[in-house]
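Next come two complexes built around chain A: one with chain B, the other with chain C.
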Partner chain A sequence: MKQIKRAFRMHRIFVAQELKRMMEYKGDFIIGIIGFLFVQASNLLFLTLIFSNIPSLMGWDYTQVVFIYGFSLIPKGIDHLFFDNLWSIGHFTVRKGDFDKYLTRPINTLFHVMVEKLQIDALGEFLMGVALVCVTLPKLQVEWSVLRVVLILAVIPFATLIYTGIKIATAAIAFWTKKSGDITYMFYMVNDFAKYPVGIYNRAIQTIITYIIPFAFTAFYPAYFFLTGENPLFNIGMTVVISVVLMSIGILIWNRGIKAYESAGA
Partner chain B sequence: MTKRLKIYTPFISAGIQETATYRVDLIFYLLGDVLACFVSYFIWKAVFISSESEFLHGFTMPQMIVYIFLMFLTSLLIYSDGTYNIGEEIRDGSIAMRMLKPVSYNATFLFQEIGNKLVTNVILIIPLVAGVEVVRTYVTGEIQFNILHFVLYLISCVMAYLINFFFNICFGFIAFIIKYLWGANMMKNCVVGFLSGAIIPLAFLPDTLEKVFLFLPFSSLNYTPVMIYMGMYNSSQTAFYLGLQLFWVLFFWGLSKLLWSGASKRLSVQGG
Partner chain C sequence: MIHVDNLRKEFKKVNKEPGLKGSFKALFKPNYEIVTAVDGISFDVPKGEILGFIGPNGAGKSTVIKMLTGILTPTSGQCIINEQNPTQNRKKYVKEIGVVFGQRTQLWWDLPLRETYAVLKEIYEVEESEYKKRMEFLNEVLELDDFITSPVRTLSLGQRMRADIAASMLHNPKVLFLDEPTIGLDVVVKDNIRKAIEKINAEEQTTVILTTHDLADIELLSKRIVMIDKGNKVFDGKIADLKSKYGQMRELVFILENIKDLEKLEYKSHFKFKDDDLSVTNDGISVKVRFNNSVAPVADMLSYTLSKISVKDISVKDADIEEIIRRLYKQEVDLND
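Right, the complex of A and B next:
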């Protein structure tokens, strides 16, 4: 308990430090947020142009597809906002020998890496996701129930941790290879599949995004449950299970990696 | 002329070595992008299945699929990241080292990147073109490869690369005003992606917009080479769009020179 309290206190200190740093470059962080809004806006424009040619995409109408898309941005944005620093481990921290600094501090290395930075740009992604969900909600033909709302909200942190777990596991590969940012990138790109109804893909892709690199649980399955109320055990339950499993694998690889780590650079 | 070019050979070989060192990373990175390609593949497939007509804005499903993979190939061939490099150099002050050398600032970037590209493009072009052709033969049911289109495509790609390079250099000078290029670069990539037809064929846009976009420099980047490769243009259209590409190459080359002479005078380096 005491440890958890200490962790939270430290997290606050790190965040405060980050915010101070950011206020130094106000213009930059506004540009970052707008940049992400641009990316999302262009994807939305793509969907709109596509739907101007067809009434529905294999049974899914425009509102539903936008809802799933918007929902996918929420866990992605949260992970991006808080745990973006994991990218730099695989890209350059280990390679340049800068990782040593984490080993000299009296806190858990993984915790330190995760809370050190705040990627405020990701607010663009997150806010766009929230906005799309809010705009599409009233137009959806959904039977409202307390259970659905509670479950969909409760599943968001778990969906987020699927991203985080995959990032930890792939970043930790750098402890052996010195550089793994591109491996993280490859895995991370699979999340693109999760933004659209899984039914449009062939069997092989469906299997991959459900069981192997299970990004489908970050967006489509939870959103599907919310839209239809079907199969909460799979759509929500599996999301929780998978996120716990992935986080455990990530932490395991990380801890083994720390033991194998030999400093690089000067 | 040869002597002038010779001073740049060290930059080419530096570029080659740089890329050769990280070739494994490059493969993983590419696999990530191929995945994104497959996402569009499945979306478009679903779109055509859901549509009642066989044609959507002049594209059939096989053509659309070929379009997606060709877009990917073309973006890869003409990729240029001058913006980011210039921004980084301005940020960390190493731009000063480059300015000390008795060579053209823009040209050092160009030759270093040509070195990078010699490695990536030579390794990738044969398997990727073969891959695209296999997909094309598979989805259309007959061999469509046309050597004339392919040669014109390569010429068009070279010009597209030069436009991309000089445009990125021009954009990189924004770093003299905005020190945070990552965000600005993301915005640029997104706008360029849309205007160049990388996200959706320009033919899917409303007519007037399409006409305007076809004259903007961005369609000269990806769209023109891809349309030539696919044989969507007749000979007079091909000549016209190749000419337009040449115009934009010269335009951005001139602009980058102009901006550089202006910007180098008011350079302020933070740290270094």
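Right, the complex of A and C next:
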């Protein structure tokens, strides 16, 4: 309990530190957010263009697709906002020996790395997600129930940790290979498929994003449950299971990796 | 306080042939080689000592320091510092040590310096009252006040080093590891930093392990040195011993009018020097003769030299610590004597 309290306190302090840092470079901060909003707006435009030609996509109408798309941005945005620093591990922190710093401090290395940076640009992504969900909600023909609302909200942290877990596991490979940023990138890019209904893809891609790199559980399956109320055990339950499993694998690889860490000549 | 026992570290290295082709080959058919960076080193450091840890580039100094600080896991052997093993219960261990790598910084680059201390206070769980006392002490020793409100990126190298040392001392560690704390600094700043280290050591009984290439650091700060080379310990003892043992070497430097005259000088047979006692080098103009003063006194060497040849300029130098170390690094001295 004391440890959890301390973790939250440390997190708050690191976030405050990051906010102060952003104040030092205001221009960069504002342009970053605007950039992300532009990217999201262009994606949305693309969706609108498609649906202006076809009324529905494999049985999904425009509103539903936008809802799924919007929902997918929420866990992705949260992970991106808080845990983006994991990218730097695979790209240069290990390779240049800068990981030394974390090992000489009396806090968990993984925790330290995860909370050290705040990727404020991701706020654009997250806000766009929330906006799309809010705009599409009234137009969706959903049977409202407390269970659906509670489950869809409760599943967000788990969906977020699917991203985080994959990033931890792939970043930790760098402890052996010195550089793994491109591996993380490769895995991460698969998440683009997760923003749309799984049914529109061929079997191979469906299998990949459901069972191999299970990004479909970060967005489509939970959203599908919310829209239809079908099979919560699979759509929500599996998200939780996969999330816990991926985080465990990530932490395991990380802890073994630290022992293999070789630093770099000064 | 520090007990290092037969510490060993091996790295696996991929041997690559040169060029892109070689890189491709290594990718598909890697040829591994085990490189031993530290080959069974043992030493002890009592509480409150400043130990100079020296050795040429690539000797394995940093690897040892990184094992002692818990950054690297030893291949075999162990170190016990402050009754703890750095790789077991790392979080508890690092609370009692401070580490400064002169080539790196642990400060928050974009923020005013004092923000770094505020966060480190939290990381190390330093009590508010204790923190105030520490800051006061560090301020006095390292004179941080002039730049504590400036963003770290704007600090000069000397200021940054002082700030980094303060950052490593904030939690009042029992052992302080300083890896090249004076690298790249000017004479005055070096002096200030040495004084600060001395003061910290004197007032707090902090045990200090200091690696450096500047032997003045060692001479001024530590009484004892451990020297390693190629992963092995080659010397462990007092600097005074090193000097009295190898300090009999003198250096005679002269400029010849005619370089061919050099052949006329037969020091070795005349004074019956052993191989280790004499070395003669020349660069075509000036000649350097290093010799053992206990075999042939300086006066004899001078009169012999001047009787044989005519010189333009001549001087005799003491072998200072730097000279001894230089010879040790080049392995001109047999340490097992």
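By definition in this document, the second predicted complex is superposed on the first by the 265 of 266 C-alpha atoms of A that agree within 3 Å, B and C clash if a C-alpha of one lies under 4 Å from a C-alpha of the other, contacts with A are read in each partner's own complex, and residues count from 1 in each chain.
Definition applied: contacts are C-beta pairs under 8 Å (C-beta built on N, C-alpha and C of every residue); 3 or more make two chains touch, one makes a residue touch a chain.
All of these numbers come straight from a predicted model, not from anything done at the bench.
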Clash-or-fit label for the pair chain B, chain C on chain A: fit
Which of chain B and chain C A:E262 touches, first, second, both or neither: second
Chain B versus chain C as contact partner of A:M58, first or second or both or neither: first
Which superposed partner A:R9 touches (first chain B, second chain C, both, neither): second
Chain A as apex of chain B and chain C, Cα-centre angle in degrees (nearest 10): 80
First, second, both or neither for A:I50, with chain B first and chain C second: first
Comparing the two partners chain B and chain C, which touches a greater set of residues in chain A: B
First (chain B), second (chain C), both or neither touched by A:L103: second
Contacts of A:I183 with chain B and chain C, given as first, second, both or neither: first
Shortest CA-CA distance between chain B and chain C [superposed frame, angstrom]: 6
Residues of chain A that lie at the interface with chain B and also at the interface with chain C: 25
Of all residues in chain B, those that touch chain A in their complex: 22, 24-29, 31-33, 35-36, 38-39, 42-43, 45-47, 49-51, 56-57, 178-180, 182-187, 190-191, 193-194, 199-200, 204-205
Chain C residues touching chain A - in the complex, by the definition given at the top: 11, 62, 66, 69-73, 87, 90-92, 94-95, 97, 99, 101-104, 106, 108, 110-111, 115, 119, 122-125, 151, 179-180
Of all residues in chain A, those that touch chain B in their complex: 25, 27-29, 31-36, 38-39, 41-42, 45-46, 49-50, 53-58, 121, 179, 181-183, 185-190, 192-193, 196, 200-202, 205
Partner chain C, residues of chain A touching it in the complex: 9-10, 13-14, 17, 20-21, 24-25, 97-98, 100-101, 103-108, 259, 261-263, 265-266
